[in-house]
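Below are structures written as structure tokens.
Note that subunit A is present in both complexes that follow, paired respectively with subunit B and with subunit C.
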Partner chain A sequence: MGLLSDPVRRRALARLVLRLNAPLWALPVAWLERTMRSVGLEVYTQSFSRKLPFPDETHERYMVSGTNVYGILRAPRAASTESLVLTVPCGSDSTNSQAVGLLLALAAHFRGQIYWAKDIIFLVTEHDLLGTEAWLEAYHDVNVTGMQSSPLQGRAGAIQAAVALELSSDVVTSLDVAVEGLNGQLPNLDLLNLFQTFCQKGGLLCTLQGKLQPQDWTSLDGPLQGLQTLLLMVLRQASGRPHGSHGLFLRYRVEALTLRGINSFRQYKYDLVAVGKALEGMFRKLNHLLERLHQSFFLYLLPALSRFVSIGLYMPAAGFLLLVLGLKALELWMQLHEAEVGLEEPGGGPGPSVPLPPSQGVGLASLVAPLLISQAMGLALYVLPVLGQHVATQHFPVAEAEAVVLTLLAIYAAGLALPHNTHRVVSTQAPDRGWMALKLVALIYLALQLGCIALTNFSLGFLLATTMVPAAALAKPHGPRTLYAALLVLTSPAATLLGSLFLWRELQEAPLSLAEGWQLFLAALAQGVLEHHTYGALLFPLLSLGLYPCWLLFWNVLFWK
Partner chain B sequence: MAVTYCLSRPATALVAVLLLSFGSVAASHIEDQAEQLFRSGHTNNWAVLVCTSRFWFNYRHVANTLSVYRSVKRLGIPDSHIVLMLADDMACNPRNPKPATVFSHKNMELNVYGDDVEVDYRSYEVTVENFLRVLTGRIPPSTPRSKRLLSDDRSNILIYMTGHGGNGFLKFQDSEEITNIELADAFEQMWQKRRYNELLFIIDTCQGASMYERFYSPNIMALASSQVGEDSLSHQPDPAIGVHLMDRYTFYVLEFLEEINPASQTNMNDLFQVCPKSLCVSTPGHRTDLFQRDPKNVLITDFFGSVRKVEITTETINLQQGSEIMESSYKEDQMDEEPVEPLKYAEQLPVAQIIHQKPKLKDWHPPGGFILGLWALIIMVFFKTYGIKHMKFIF
Partner chain C sequence: MAAAMPLALLVLLLLGPRGWCLAEPPRDSLREELVITPLPSGDVAATFQFRTRWDSELQREGVSHYRLFPKALGQLISKYSLRELHLSFTQGFWRTRYWGPPFLQAPSGAELWVWFQDTVTDVDKSWKELSNVLSGIFCASLNFIDSTNTVTPTASFKPLGLANDTDHYFLRYAVLPREVVCTENLTPWKKLLPCSSKAGLSVLLKADRLFHTSYHSQAVHIRPVCRNARCTSISWELRQTLSVVFDAFITGQGKKDWSLFRMFSRTLTEPCPLASESRVYVDITNYNQDNETLEVNPPPTTTYQDIILGTRKTYAIYDLLDTAMINNSRNLNIQLKWKRPPENGYIHYQPAQDRLQPHLLEMLIQLPANSVTKVSIQFERALLKWTEYTPDPNHGFYVSPSVLSALVPSVVAAKPVDWEESPLFNSLFPVSDGSNYFVRLYTEPLLVNLPTPDFSMPYNVICLTCTVVAVCYGSFYNLLTRTFHIEEPRTGGLAKRLANLIRRARGVPPL
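This part shows the complex of A and B:
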């Protein structure tokens, strides 16, 4: 898969690196310190280290240690109670070589002004997001992700807003803005509006999700392009990844954006002065703030930079989907109740129905077994891949990351074989009522989970609801079993992930072939597990501990004998 | 003798006529002078200038208030007679690129903050409660003199308010509001406690005219920067400072006041013309029905300046024997006191005649005949369906 996947090659490389006794790429800490001090900032450094659960193939790192460098520009006439952050995440796959230059130029310019009422922190992090996470945890004095970071020597008050910069060339043709953050959190819409205002004022070309702003909203093209942008945002928000440093700031309720300079093949190019002016304007406006940004929306979807869809408009859609589950559960409840009444008085006729403790008790007991087994499978899916990677690498010629991913897939597929085993545990009294009761419980479980997910990360909840709700509502042992089985497999969480990857690349106009898609899928699985351990992303635990057991229950229902 | 007598009769008549005419001219001249002297009826001037909004982006409200302060001070009202209430400190705000200044014109032409600004109520002391206490005089005894409005029944008071407002209210400091009814009641309290002779109320907020709709006390003239339903707009942003510097209405009032000096004879009608809709975008309004004098006879300096009137007398008053005179006059008063007149306030105004209230719109009721007819129809239908035999038991 990557450079480190062949164990032989890996050992050779490790020996080489050890012999050189130098890291492959490191931040020029001393130079940065010197330069920032000459500009007039208060400079501090922070070191951090972390051993990842398994080697990260995409970033080629495993045992990470680094140093963050940050300089604080103190407000000349205000108490240092609030601050703004301009951050440049630097990494070995450095798509960020020019941004440090712009950061230092802006620092020198800002230092000459007297109208700052908040401190400004200029932060350069090593190992991009890992460094940012270490700095944020030390700044807020928490330890959320198991990072070992040294405490910060210099602090500047509560952070009001942050802007992350990523520039890979010294001329840009457009500026791309990223808003989706960790676990689908979004900054206040006012910050995006601020960026868009300065784009318009400075005449910069600004893109969202890599797409230009549709000009023509009257014909079909504009809304269609808006729909594509919206779908891209939904997919990115659903993935729960921090798409840039800003995503990690959002956890501490610091409004943040990432600005990426894109150098494409357009004719008209902007130099860094234009980008710097836009940034200066943004920071000056943020300086005028007296309260945290709170007047605009926190939950929204963006079809374009100048348009948004508020939660009041899109939440009912998820509500209706969950209503389907609720109604189906109600129907099953009624059927179960009628079946009870029918069993009690086969003669029929009106009369008060007496609840039957004995058979109901058996029904409940027969439900516990599938529930426990499904949840155990989910737990296995969550815990085993990372725990068992070393055992796997000893017995199989795979790297750790590959081992993790393949174990994930193996356990996932093993769950499909479950129904043939659970029946040995379950007693077969009143088989019809057994599956109906199980389906009832599964429907309520799914509705609860999707409801909770939709509240915190709407895109994820909606995406899973659109795929899982029809299959879940339809699953029953009678009828065309193969068809229902195919539908259920196609709408399982893993298949949804695969499909959304294809959809995402399709929308970005870089479609994938099947092989590429499969490779990307495997990489996404590894990244998902890794991000859960390093940043606390919740996609992996939600899918493995929550939705996968639920899906298994429906699979059980489908194969009920 | 008879001839001289005969000659002198027409002569005396002529002289008499001349004397009379001179006398009348002199008398009318004196009367004019007397009328001039007692034209306005006030002997001292006060000003209460209030800026109600805080935060850096409300720089323009502080600049508004400070411009009026500057004009009022220049025209003669001393700091001891000005109550200046500023809700935020713009001059020393860390965001001010030119510290210790508040500009009203862009390109930093005019600094209204100066060297001798005395702010009486500052920052969080500017509340509705403090404002009403200042107006009505219900102030705790520990309040320093500079924070009191020590006006009497011969004071002309200028009240200028600016900030964010709406239909019927003015917002103080982002946390509370004063309504037009409260303000009107406060002015009525002032009237009943004889705390003003005449009051000029100027307000520069959005929908400012709603604030003076409810006044019912006499001798109040009111000006507002916009009508109900209109917004008052700000004038110029300054790119170096980064905020809007003044509101339009007060900007043009300031320009108008810069032309006034203590001897100006400009009257209120000119002030009403300041800032027409073409410059102000909103429509300034004014209210003069409660005011007794004609606005064209009211000088700007009656409210904005402090013009002292001097009364020259040729009588001498002997102060040493004053006590005897006092005692004797007192005894005389006592002797004369048998027919006691009922005591009453001088110039008790028939307020209801002064205020022309709009006739109340009564709710429309359908005419009585309609209701009667309807009921008759209902009863007819009832008896038709249930049988006409019931009818004779009713009628």
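This part shows the complex of A and C:
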């Protein structure tokens, strides 16, 4: 006890355990197989292994190997062309055994029914999302993340829908639903409506983002609470990480959501029969589907379970924000044109042979160096932390995960210092034209990127647009430079991430202290890099290769001499 | 004709005693041979042997005319009264465990062992001089052979050729393990060949490829052999051998397929005109490792089966003297390909025609036991014509199940019975013999999702809006861009005048 009370020693021990790769907890594969078989399912297992790019300190894993167990309930008189999935991700931290029990009970009940038209796959994955990823990749016979896994022996056609179940405690007082998937993908709204219908029918208390549903929309409280839920959803969607194992199904166009049974210490408790009834209802409804869910919205924001904001409503907001960039770019373009005409008119009299192209050429040549350097910084930010982790751990007393995060921050900060020197090589015959051209390019670059991001992941695009656009539009080498610099730093992608973390915890009514916030920030960075490598989340490459270089261009504009 | 024959014989007989060179067949002959052996490890061994046989007694006759036999070695034999000479230069080590037993064994470095004639008085002196001469001939450090590394084995090294007595006093044996074999040793070795490296198998002996291998061994063996079956007189045999092992990973870029060109960066173009036999043997024994079979290209004309080193082997023979072999394309590039059995099968593919016929892929494959065979087909998702979508396009489109028909060997041999008499459940599929039975399996149908436009209200709205905009825009554009001007009616034209005349006659206002 005394040994582990010291946090440094405890972390050291945890790392040792990571290195030894000793499974602290393992799925009882044989028992599961036996039980599923006794229930009457076709049972298969799949083993997989994956070496993470660096040790995952929050989940305490590095060299992961595990086994997924799944049983298929074959629908009578169907040719195994379509299937539904009920999955329970099991991890070492939360064993989720209640959910496995519910899954087995449901399987036993479903097996006795005769109305199934689609096969139902009951999937128990080890190492939660990693197992799900391995199973999905093997099911669709692709390999996108370098996972090593054995091929699946049993299949059941195209998966139409999936429900992931997580019961974190024995006592369930409310069901929380998570829809945000990998890279901000969302399931069809009909799946959520289905869930909500059965929640109401069964009298279950359902929450969204851990928030109760506002009853009274006429007073101010209701919309305020809706706004909080909406903001939480925006933040979670913007993070681009799969919030539950359903998030990985969405990549394969399988509509999926995660149900979490939560003990929120309320007075009314539900036994698992109520949850099971809701699940049975959902599966029977999904079983009747003739087509994939497609009638309803794929792009929406949810202020409450029963209300949504459609894309037609929220997209103009992002459009107007991006219009600012477009207008600013237009203004700069006209200014540049005027300066060109102004330069030419006095020179036009004495020497009509002064041509237009050279002055333009100088303007463009001066852009090459800052563009290249900022892109190179972005590339370094993307590549070096993971590549150089071993070098860093050899020379500094840090663990790999810390090394990656600290390298990330160091390169990020180094980027602020580096581009100052680029414009000295540039000829200074027209000082204003240089930064104007650079800013023009940077504005268009930013507008294009934000436009593309907003189309695929609206929340992320909107969040970045609201923070970056004002500072980007204001940045210029004249005027209150310190103020601009502070503004620009505060709206840089990393600062946005830090701010979002504080906002998120504030909205969850669990405010962070500064130190906690910093720790969470470091952990979020490591998670972001890790999720890019393990699941293919795009936030990290997007920020490092796209937005960070673009932001550096504005920084360069600000310090243009 | 009948009269001409005896006449010709008579002329020959008359010429016989005097005209030696015309009548007698050449007393020396050259046989060359290349054996290509795919080794169990995936590497490939190539063994060259060049055998020059000379029906002449070098010691007794004062021979001065050399044809095929190299003069340098011939003089050596007569001067030092050699009975046998065995010299090998080797770089690398034959890995018997992975490569199997070798045809020609040699230690790493240089090895020289010599049997002298019993007429030699001072064996050590001759040995010393011989090693120095050989050192000069082969550009090797054989001059470092002295009494410190020379032994006289008494049991191990028997004469390989014709020998009446085996007095070990006349045997000398030495090994120089540090001897490095390189191009400078290969070049003099090649010069001893009658065709040098101009024609025949020796064109393949390109130094930069031979020394890019994992094992290289070249040797010279001289021994006396019987001239005929009764062994009344002796002939001299010179064997020049060269074995190399090509590394599958370095030369083959990780592939196990081989060709002469890939190994030697040369192909065979013509046989050596001096050779009486020139053959390439390729070991095509079915190892059945990894269920792969060896395929040789071009297909051999003949094969040769024998028990070599304790195992039955099959060799494909390519005779370079066979004019059809080389004359077809002026070069011969023997290729070895490892083929997995499924690829040997019959593949019939009938591509689809859009909206007329589906794809058909039929494959006849032999599956190895306890294996998983995966057949995958790449396809592209395409948009259909808008009338071709079913009412439920989001359900997906069915791909019909694939069919697997097989003749499965039966565990128990069934008796051939009259199928008219046998029960009906057993007699739909004709059974050719009792050892096999027929099985047909079907896979599940596949549901493929094709890209589907959103047929819901927004789609209709977009369609309608686009139509309206296109119609309005088109007509407005037409109106705005067209220039209008008033055209004055022209008087004139014969037809018009005629018409007006008629109209006037009818009392109608003119045009």
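Before moving on, here are some points about what is shown:
Simple rule for what comes next: the second predicted complex is superposed on the first by the 527 of 561 C-alpha atoms of A that agree within 3 Å, B and C clash if a C-alpha of one lies under 4 Å from a C-alpha of the other, contacts with A are read in each partner's own complex, and residues count from 1 in each chain.
Rule of thumb we're sticking to: contacts are C-beta pairs under 8 Å (C-beta built on N, C-alpha and C of every residue); 3 or more make two chains touch, one makes a residue touch a chain.
Predicted, not measured: the structure shown is a model, and the values here were computed from it.
Partners subunit B and subunit C, brought together by superposition on subunit A, fit side by side with no clash.
Using the contact criterion defined above for the overlaid structures, shared-chain residue A:P151 touches subunit C, although it does not reach subunit B.
Of the two partner chains placed by superposition, only subunit B is touched by A:R77; subunit C is not. In the superposed pair of complexes, A:S264 makes contact with neither subunit B nor subunit C. With both structures placed on the common chain, the touch criterion links A:R253 to subunit C but leaves subunit B unconnected. Once the two complexes are laid over each other on the shared chain, residue contacts for A:H288 go to subunit B alone; subunit C is not touched. By the touch criterion defined above, A:D141 reaches subunit C but does not reach subunit B.
After overlaying the two complexes on the shared chain, residue contacts for A:I114 are found with subunit B alone; subunit C is out of touch. Between the Cα centres of subunit B and subunit C, as seen from that of subunit A, there is an angle of 90°, stated in steps of 10. Touch criterion not met for A:Q200: it reaches neither subunit B nor subunit C. Distance between subunit B and subunit C in the overlay is 5 Å (nearest C-alpha pair, rounded to whole angstrom). Taken together, the two structures place residues 290 of subunit A in contact with subunit B in one case and with subunit C in the other. Every residue of subunit A that touches subunit C in the complex is listed here, in rising order: 79-82, 141, 151, 155, 157-158, 253, 290-292, 294-295.
Those residues of subunit B that touch subunit A in the shared complex are 55-57, 92-97, 99, 242-243. By the touch criterion given at the top, residues 372, 376, 392-396, 398, 401, 444-449, 452, 454, 456 of subunit C touch subunit A in their complex. The touching residues of subunit A, when paired with subunit B in their complex, are 75-78, 113-117, 284, 287-288, 290.
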